[in-house]
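The following pair of complexes shares a single chain, subunit A, combined with subunit B in the former and subunit C in the latter.
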Partner chain A sequence: MASANSMRSLMRPTVQLSPRVVAIPSSVAAFSTTIPNLEVRQKKVQVPKKKKVVVHVKKPNPGERKAFRKRIQLSNNSALEVQGLASLEPDTMARESNAGQIFALPSDVQDRLRVLEAFKHSQSWNLFRKPHLLVRKEVVQLASKLEAAAQDKKALHLVLTGQRLAGKTVALLQAMTYGLMNDWVVINIPDGHDLTNGNTEYSPVPDTDPIQFTQPVYTFKLLNTIYNANKAIMEKLELQKDWSSSTNQKGKGTLADLILSAKEAEWAWPTFAALWTELTLPGRPPLMFTLDGLSHINKMSAYRDPSFNLVHAHELTLVRTFVDAMSGKTKLPNGGAIIATTGGNNSPKIPSQDLVLSQLEAGQAGREIPKPDPYKKGYEDRVYDSLKNSTVLRMGQLTKDDARVLMEYWGASGLLRARVDQRTVWEKWALGGNGVVGEMERASLLTMRM
Partner chain B sequence: MSATSRVWGACRTLAVRSRPAAPRTEPLLCSVRSGRRWYSDDAGKTQLPESQPPQPTEDKASASRGAVAAATAAAAEAGGSPADALGDEALHQLFYGGRAAPREADGGLTPAQEESLYHSGRIPPSGEAEALVAADQPSPALPRGFRRRTEHKFPLPEKPFPADFNHKKRYHPVVDLFVRLIMKDGKLAAAQRHMATLMNVLRTSPAPIYSPKFPLLPGTPPASHLPLNPILYLTIAVDSVAPLLKIKHLAGGAGGGRALEIPVPLHLRTRRRHAFQWILEAVSKKPSKGSGKKQFGHRLAEEIIAVVEGRSSVWEKRKMIHKLGTAARVNVGSKKRVKKKKSG
Partner chain C sequence: MASASASSATRLCVLACRQAPRLQPISSRVPRLAASPCAVPRRPFTTSPARWEDEPPKKDQPPVTEAAAPAATEGDLEAAAEEPRLSKPRAANQSKGGDIDLQSLEILDISAKDHGYGSFEEYIQGRLQEPGQPSDPRTQREFEKSIADVEKVKVVKSSFWYDEDDPEMDCDEVEEFDEDDMTEMAHAKLEEIKEMRHYNRLAVWELPLLSKLAKPFVPPSESQPLRWRYTTYFGDTHPAEKKVVVQFAPDDLKLTKQQTEKLKKLAGTRYNPETEIVKMSCESYEHQAQNKRYLLGVIDKLIAEAKDPRDTFEDVPLDTRHHQVKPKPRFPKEWLMTEERRKFLDESRERLKLAEVQRMESGEIVDGKQAIEGYLVEKMREEQEKAAQVAELVAAQPAKSNARSSMGRPRRA
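Moving on, here comes the complex of A and B:
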């Protein structure tokens, strides 16, 4: 029978049939009369390989590099301490008389803002001895609206707009400061695109059409943040409903107990939903829900549903909570504020959002209301409807007086070595695009011409 | 308006500052060449044979000179040449005077002293610095019959112009030099960003701790003055660690095929360039420990702080060159020519 082995034996003899005499290669040439010296071995010249000098350095552990890059430093011991500046009080920012002045941030509020991730690593808090805030006239308007919202028990729906580096995120921080100092419950989403760029886990909610998704890990982290930032208030408020069916909280307790009952990410969303319902019952303190990066939650997210279609951001439950509060669908019976910030460098263009905000601004200013472009695609009704009941506050440019106050503070801290006179103030104001705060900082503090 | 005057006009509006002209101080070894040498029979003397170069007349300076003289006398008694006992610090004290490490009680630098440091590489006493600044002011007196042109929107620069009034020298001398050394592929803006990061890291770092083993430039202000003045910090670091000389090799000059080593003094810009290139080399060998765009600035700042604190490897390079120079000091000013052997 023909087998593989038989073919092999024809082509290649695997077994040597007879020992063969292998000729020893002689070091003597043919027809030569030299006596062969068989003891001479062929010397092999050892060519040493060049060894690459490997310097063993200890590499940083995973996560250390990012932590170093994103670290928030709020004090610089080499900077000078600025004397004579008052500290912020609960009602400071709402008083018209305090416009154009600099106030120090109290340290307990500073810690709570740090927990809420209100400070960004791209801001220049790390250059100064202690964080100070300039109370601009837009911030006075914002604080007065917050004060009115708490007094009238109405929700303020606000969108902060403005050009790049105009100070929108710092204004949001100042709103959060007002909330924390006036015993509001403050919830902050530091970056909208964290929710929609697909970097965090998501899981579907059953029996929903169109299918909705929760983000358990993000929500778990958010619950911890809410607890740590609002600990004192949470520990005082008692639960008014029974949540034993949907959460781990059995029986009576405080809101703090409810949050802490979520031990795993799996329980995070039901616990957050319970917490949200509790906070929107009457008899609670005013609620502030802020979000930075509105454009990111008004577009298609990077997630896909089981049919591999892209999921719109509004189908994510956390985003849906914010959007429902912003549109007024969820009422805040105790008053409060839902504040979103637009812009930033990395913000996609959302036609409906731009349209509704421009219409609102025009309406507020008494100008002609712009109409949608009939030849443009991409308008979405749900984005339009979510924002149509809000107010717009534009962060504009600083006046020269505000610029002078700010630069005097920088000079007193020892970071601006130039003489702070009219010429210098006007020069930096002009270099900063006629008073854009962030650009002024870039021209004065983040430059090599000191 | 001609192109030239537009350039001058632009410079004028950019920065209103009064700069002293670079004082015409001779470099270290020139003064050595001019006859002020230690001879073996001067071992016991406390003063040099000729009059000393101007030095700050302070008790501590004369005390240090006494200490230096004692050291050289001791070395001479031990049998070696008096200059063997002179280390870097002693040489510095001899030619510049003053303390190696400044006391906290000593004041900081006046603006005139700072300008003098940036333009000439040394920190003169405050009186001398003021005099230099005053000497550079243009005389306001105009020749008779000269009519001021009043139709210029921005004032023209006033004559007589300072000696280095050139558009290529319109930026800060230290910062400009270093930024261009950092620059790669012509990307000046990127280099400027790295420099800005470096400055901000220096500003947010704690005050350095001076090391007594690595004395800095004489007249260095106390350490607490440095972080908030990052340009001064950078200049002190680089000027302290800059080599004062280079070794020129004359091929075959030493006989028997060996090269003759001739120490040659370096000018200010060259000294600074050498020092900063050593620093950049040391930085390029450091491993990356972070991420993002600010890594290079951070590493550079760490190296500058290490230089000021005496922890950097750049000090070794400087020591090596100075050692070679001291060993070959007999060849200073040598104009030896090597005769080329005729072939055939």
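Moving on, here comes the complex of A and C:
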């Protein structure tokens, strides 16, 4: 019945809601005349961002970088062990027969020298398996002078000079070695400019004119160093004076107790003064006080007094101690040595110091003594007076024989890949400025040339 | 003869036409001069006979008939037309503006004076008073032309400098080149050569005569401690020629040691401590003599002060900061190669060689490379030995491992 169906369909019109495409509200903007193009699906374009690779590293603690920079490495396992090296004895360096030979450093002395900061990170100890020392003729002279000073109970006032890289600091180290091996009390200031460039704390000493300053933190560290380096001797020596008024040391004790009584930097200077006085009393072992960088303690320091005037280095108490000992004002009744080293690249020119050292050297060599320039400014009497009673020892150039011995050691250590015959020795000697040790090392050990 | 009369009439007409328009004031003065025979002068105030350029000068000039005269005069006229150009007063062309009449009269005056008359007026009077003198209309016309040229400037429109706004300006080239000269550069070159030749002449002839003035060199004596320097610029004036320089050594002045030291200190920077000479100069005055006198005064004052005993200057050290002593390195005498040195070097080298050979033989030479290699070889050997030992240990203990597995597994020997 189509008609009925059709009628029915008419009666019941089915409105099929075809899924008419409804405008997506998001694609239509309000009040917009744009016909929305709905066929294009709007993709959200993702621009890939460069991911920053964040590496999580732990920053070093304060002081770690400095410690890494200044670390002393005395042993290198890649180097060959040199057989047949004799070890140093207490009197080896003073014997002339040992001149021009290499000796190994005993390990206990090594540790004590490390404590004393006698090794420098710019030296090439880290290339060899064990530290070694070449006994040069200048070192023999130095050691024999030290021997004489101990025997005669007279203080040796010595200044080590020489050109750059000539081996002055190593000679100082050798002097310290002698002192340590012969039971001297050794005090070392590794760098003069640490005291005067204003990097360490300073505090005024009351009732002094001109005003003097102590360096408590540095002195505290120095006290610890002295204790650690000379532990055996310090523990044996008894105090002879009563220091309870100025230090924390109450009652009797040893020098070790005295040093340890300074628990804070505030007590450092009085304790050091007490220690110094004790060590300069008769009946003590010989005292060795060494300093590297003499020029730095003979100029105006970077400190300022309350009136904002620059403080001369000699007004610093620690420096004053050294200077008084150097000039002979402080007597060493047990003998000993006050040794200072000049030079280095970072050393200011001090006219009085240059004058007095040149005069001493000329006098020692028997030459005409140079006079001060009448029209030059900058001469200082106190610097002149502090050094006029000293001796000068110039570290010169190596002889070719010494150079040969040294280079044989390098070759045996596997650091010098060459046949150590006359030609090579003469070549490296010439490359090293006719035998300047440091320059020879630079030309042989520190080059990448094969 | 109608033709003849006609011809003569024609002649007269031609003559009348040929007469140039004359300016009134002059025409009243200058009488017409009739045509004269050939021996008539072409130029005003000249007596030389006219002739063609090619013709040689005629010695005897017969009087030409009247018939021939006009024919001759026609040709002469043409020649004369050129001549006035030669006699044209050139000065008249250069008269620019100003009082032309006055200038032209001046020129005529000068011409009259040149030819023996007192002034132009006198010439006119003379001519007027002598009517019987034959006067040549041609010369008259030439004269008139030359007078006209004085007043009137020739306008050459094709000239380079012709200016339409100022047509009366003189347009003649200043330098008309008549192909009779070299270039300026050639003249300059010639001057150069002449100058060089002049100097060469002097050098060869004059300068050797200077040897007559030569004096033998006599070194200065003890009494001549001062050494003077003067400057001359050979005739040119130069501001530096009045400078006088004096040098002396304080040691030559015969003073005591302390006085010479004081003098050196007083001299200051004028004293050279290396050569030990005091050098002073003066150019403050206009004449050399004045400067020299001033320097002498200064030296006298220096010596007087040096001799003054009141202040001996002994506490003042001599300041030599103004003079930097440059060290002059000399070749060390020890390095000179002599026989001895050669022998010494050879001997020492021999000794070194021997020592080297001895060392090689005794095996003391250290070789870094060998040391390293030896060490490495040693290490390898040790490692191998260790490995061998480990293997042995492993082989010696089979019980610990699983029996079945150890049977089946190939053993490492």
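Everything that follows uses one rule, which is that the second predicted complex is superposed on the first by the 394 of 450 C-alpha atoms of A that agree within 3 Å, B and C clash if a C-alpha of one lies under 4 Å from a C-alpha of the other, contacts with A are read in each partner's own complex, and residues count from 1 in each chain.
We take it that a contact is a pair of C-beta atoms (placed from the backbone, for glycine too) under 8 Å apart; a residue touches a chain by one contact, two chains touch by 3 or more.
These figures come from a predicted structure and were not determined experimentally.
S.K.: More residues of subunit A are touched by which partner: subunit B or subunit C?
M.R.: Ranking subunit B and subunit C by residues of subunit A touched puts B first.
S.K.: Pick one for A:Arg449: touches subunit B only (first), subunit C only (second), both, or neither.
M.R.: After superposing on A, A:Arg449 lies in contact with subunit B but is clear of subunit C.
S.K.: A:Arg417 in the overlay: touching subunit B, subunit C, both, or neither? Say first, second, both or neither.
M.R.: both
S.K.: On the A-aligned overlay, A:Phe31 touches which partner chain: subunit B = first, subunit C = second, or both, or neither?
M.R.: Once the two structures are laid over each other on A, A:Phe31 reaches no partner at all.
S.K.: Mind working out whether A:Leu80 is in touch with subunit B, subunit C, both or neither, as first, second, both or neither?
M.R.: Both partners, subunit B and subunit C.
S.K.: Looking at the overlay, what does A:Glu408 touch: subunit B (first), subunit C (second), both, or neither?
M.R.: second
S.K.: For A:Leu127, is the partner it touches subunit B (first), subunit C (second), both, or none of the two (neither)?
M.R.: After superposing on A, A:Leu127 lies in contact with subunit B but is clear of subunit C.
S.K.: Does subunit B (first) or subunit C (second) touch A:Pro60, or do both, or does neither?
M.R.: A:Pro60 contacts subunit B only, not subunit C.
S.K.: Determine, under the contact definition given at the top, whether A:Phe308 touches first (subunit B), second (subunit C), both, or neither.
M.R.: Touch status of A:Phe308: no partner.
S.K.: Could you list which residues of subunit A make contact with subunit B in one structure and with subunit C in the other?
M.R.: In subunit A, residues 80, 414-415, 417 are touched by subunit B and also by subunit C.
S.K.: Tell me, which parts of subunit C touch subunit A in their complex?
M.R.: Residue positions touching the partner: 317, 319, 321, 352, 355-356, 359-360, 365-369, 371-372, 375.
S.K.: How about subunit A: which of its residues touch subunit B in the complex?
M.R.: Contacts found on subunit A: 55, 57, 59-60, 65-66, 68-69, 73, 76-80, 126-127, 414-415, 417, 445-450.
S.K.: Along subunit B, where are the residues that touch subunit A in the complex?
M.R.: Interface residues on the subunit B side: 172, 175, 179, 192, 195-196, 199-200, 203-207, 227-231, 287, 289-292, 294.
S.K.: Which residues, counting only subunit A, touch subunit C once they are in their complex?
M.R.: 80, 374-375, 408, 410-422
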